[in-house]
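You will see two complexes here that share chain A, one where it goes with chain B and one where it goes with chain C.
Now for the complex of A and B:
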């Protein structure tokens, strides 16, 4: 149970009930006492987290709180110093290849091979993911991100917003169970943000894909996520559903105020 | 295996559309072919002069015939081969660095390594792509060189000459790929790929320029322009007799030269093409006996470069240095 229980319990919302319910549900992401140190710096400290399948989970925290480290460990890009993590039932250290088959990943600044077209880039990543019929899957993925007809364009001609959408397409090609998004709206204009939100919610609702996203944009979290966790200095200080969080802090005007309130209440 | 081929195909497609790579290879090809073209034109002129002279002699009814000039078509390739040795290897370093740098600088490594790739698939795909690129470039270049010799030089190439050209092309492919893989390994091992490029250029400088230059400077015959022995009008037999007194010195000089892989490439290359006089017009068996140890050293260097690239290009090492 995360340390966050105190915050959730104060709301009167059924966090305990919900958690009990979650334990009966398939967990898309489970971490236990996950820690990461860089030399003498503790980037992540005993992170215990459970995200059930079908959630859109937003991991919040200030710069350097450990969000990207968490995503890097969960996507097998970084080994943990201690603790365990399971994605779709597979351990990230002992079953890394099975985890990689179960996840899609969109890094903060997604980059492609600029000399190749979008379709060539997607075919390449689809083949690496072991997709048997890339052409059909690419068409589906492009349709999902509302990008049909852009396949033959060179990546070098794409704007930041177009790259983000192409990034989502590459991340969902192999129909992953869990989609990891690292600051997906970073650098996007309001229209781009809205479009991305629509895509993420669409994927979640249409195929039940679990989404785990790091973000700074708290307004976006309210509109997109079903549950949140707050990291502070490498420790998870809060975890609850968005609806319960808003209910639990009636005095606060927005999720941003709630976030600041929770953060300021954290013992250093 | 599938991911290796997928990675290799992507690399080839990417490189074939890379304007800088195309420019470098075009520049190299133009320089090499130009040197051959100039030599071929000279060869053609000398052959034509000889034939004209011979025809004039015959027309005058004289019984005297002029001996043919010492013209050997493959020796025309010397300057072109030196360009491949020096400029070609420099371009190979740049290409090998680019194979890693673009992935590290663009951040595509993260997308790649969240896929279920084998431990060495990434590096193996790059190695295979480098080998295919240089095989294609060398094959095309030697085909153009051969056509230039035949058409522009009107050179009478024999079947053995074509085999010699094939062997030279094989040595060149190995040599250039070796440099690409060395640069690839260094770019993979360093946190900033540019540092890897600098290290690769330092290595290139030492192996391609400095060590061979030391060997050349130490050569007694190189102390005077035109050759010490030639300027003293000492013939080969006497030259060997003189040099017999300096065997220790010559052995040391030879060992220094042999520490350079460029020399391990140059010696068999110049021998097979008859550029080195002692091998000119000799049988393939004779050339092989005199140079196979150099070819083996070159192959050993190639194997070492492949191993280094494979070991440096694992996901753990690349992500740690990304």
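Now for the complex of A and C:
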């Protein structure tokens, strides 16, 4: 998407410019000794993580590793038991409202309101975010996810892949600095996965949006992410760029092999 | 547009497109319209029987229906509000809460700038406005039907009383909206979300008055005459305990006074106080819902 087509163009100060100014002074995501317990179960243990602005960060881990708990805390949906987390410089517990203005979020399996059109759904979420001119911003967001012309269609007619694209459109309506995606490719066919990858990379490259995604699809991580972290039983056991990771494990054929190798507890 | 106002508009638009509330709405308005004609038919039948009896010299008493006030014809509306109106309100409340849970949009809302209390109060306000429109329409239809039956337009004070009746009905029904929303937020499935408030409704409308008066259940569908509680034994105690909780009886009493029923005695203060207390408790229980409760998944 050209910079002149929105995401801050009307302010005379493009999203990319604003974002670069921010990236010089702050990390997009920082956590320190972040922990979460559910009763006696330790879901997240002393998570310390730094994701610089402009990254596409993939958080990997087996089921129950604590990925969704992490996203829930970072998106202010869940309070942490201890530790701190900052998004775009704002603390998730003391500055939750400012964090919410800075993030876009697409949860796993979001369905939207079926008896409303896509445009009506997006208008509602734009207004909840305080977007001053929802119609113009919706047009820009739909263009960003290659969905122009679908605004008047009822959500009930949308496929899973179309709903995911609509989900990303709602998440970027208010020009967030950080986009959180929880299993964005879950349940999509290969064409849907490829389209979503194109959209995510497009958003990152055109406006410098930081993307934080949970995923199981390791082949997809190689193609989409610039850096990864691996959670195992609530602990972060690995974090590095994708390029450095592939270089560091020359004897492993793929990121999947590297992941299994690290998960088994024998990192090189 | 302010997020709170946007939520009110969203609620109205979403509820307006759902079929079950539409169906109940049509039934409710239809029954309100029928109420005046049912009253008129009852009056005509009794009058015919009276004239026949009087013609045969069987009675010299005056026709009991000879001088009923025009608002008499709206008395059945009270029962439709208690039955169909309350169910409509419960369905609206349940659907409102369940809509977000089914669409899985709660997290999208909670990661934006509106607090749970603001969001839920805006949803309630949206339904309240919708319900106000329904009751306003019903009031107009009721006035038109009374005019058609009596052949004259009701006097201004009678129109005012009719307006007051539907205003009290609005407050009464809002409690059931809140009850439905509360259940829709907390229940684990759609079925239980609907069933639980309906059980509570039947307890408030039927069981509590029965416990306090031992009246025949069918008598509770009498729109005006309040059941008389025995003043001795266990009923003195149960009447004291369940009387204030018998929301339907309080509504019927207030409605009877507003409709100028000759059998209605006392004032409306106690009844309106109980209706407002129920409403405040209902609104409080909804708007004080925390984020974790709002995020619970359904298991349908």
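Criterion: the second predicted complex is superposed on the first by the 240 of 268 C-alpha atoms of A that agree within 3 Å, B and C clash if a C-alpha of one lies under 4 Å from a C-alpha of the other, contacts with A are read in each partner's own complex, and residues count from 1 in each chain.
Here, a contact is a pair of C-beta atoms (placed from the backbone, for glycine too) under 8 Å apart; a residue touches a chain by one contact, two chains touch by 3 or more.
Quick caveat: nothing in here was measured; it's all calculated off a predicted structure.
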{"item": "Side-by-side fit of chain B and chain C on chain A, or clash", "value": "clash"}
{"item": "Touched partner set for A:100, first chain B, second chain C, both or neither", "value": "both"}
{"item": "Which superposed partner A:124 touches (first chain B, second chain C, both, neither)", "value": "both"}
{"item": "Chain B versus chain C as contact partner of A:115, first or second or both or neither", "value": "both"}
{"item": "Partner chain(s) touched by A:77 [first = chain B, second = chain C, both, neither]", "value": "both"}
{"item": "Contacts of A:158 with chain B and chain C, given as first, second, both or neither", "value": "neither"}
{"item": "Chain B versus chain C as contact partner of A:170, first or second or both or neither", "value": "both"}
{"item": "Residues of chain A at both interfaces, chain B in one complex, chain C in the other", "value": "75-77, 97, 100-101, 103, 105, 107, 109-113, 115-116, 120, 124-125, 127-130, 170"}
{"item": "Parts of chain B lying in touch with chain A, wherever the complex brings them together", "value": "2-3, 6-7, 9-10, 13-14, 17-18, 102, 106-108, 110-117, 319"}
{"item": "Sites on chain A touched by chain B in the complex", "value": "75-78, 97-98, 100-101, 103, 105, 107, 109-113, 115-116, 120, 124-125, 127-130, 170"}
{"item": "Footprint of chain C on chain A - complex, ascending", "value": "75-77, 97, 100-101, 103, 105, 107, 109-116, 120, 124-125, 127-130, 170"}
{"item": "Footprint of chain A on chain C - complex, ascending", "value": "1, 3, 6-7, 10, 13-14, 17-18, 99, 102-105, 107-114, 291, 295"}
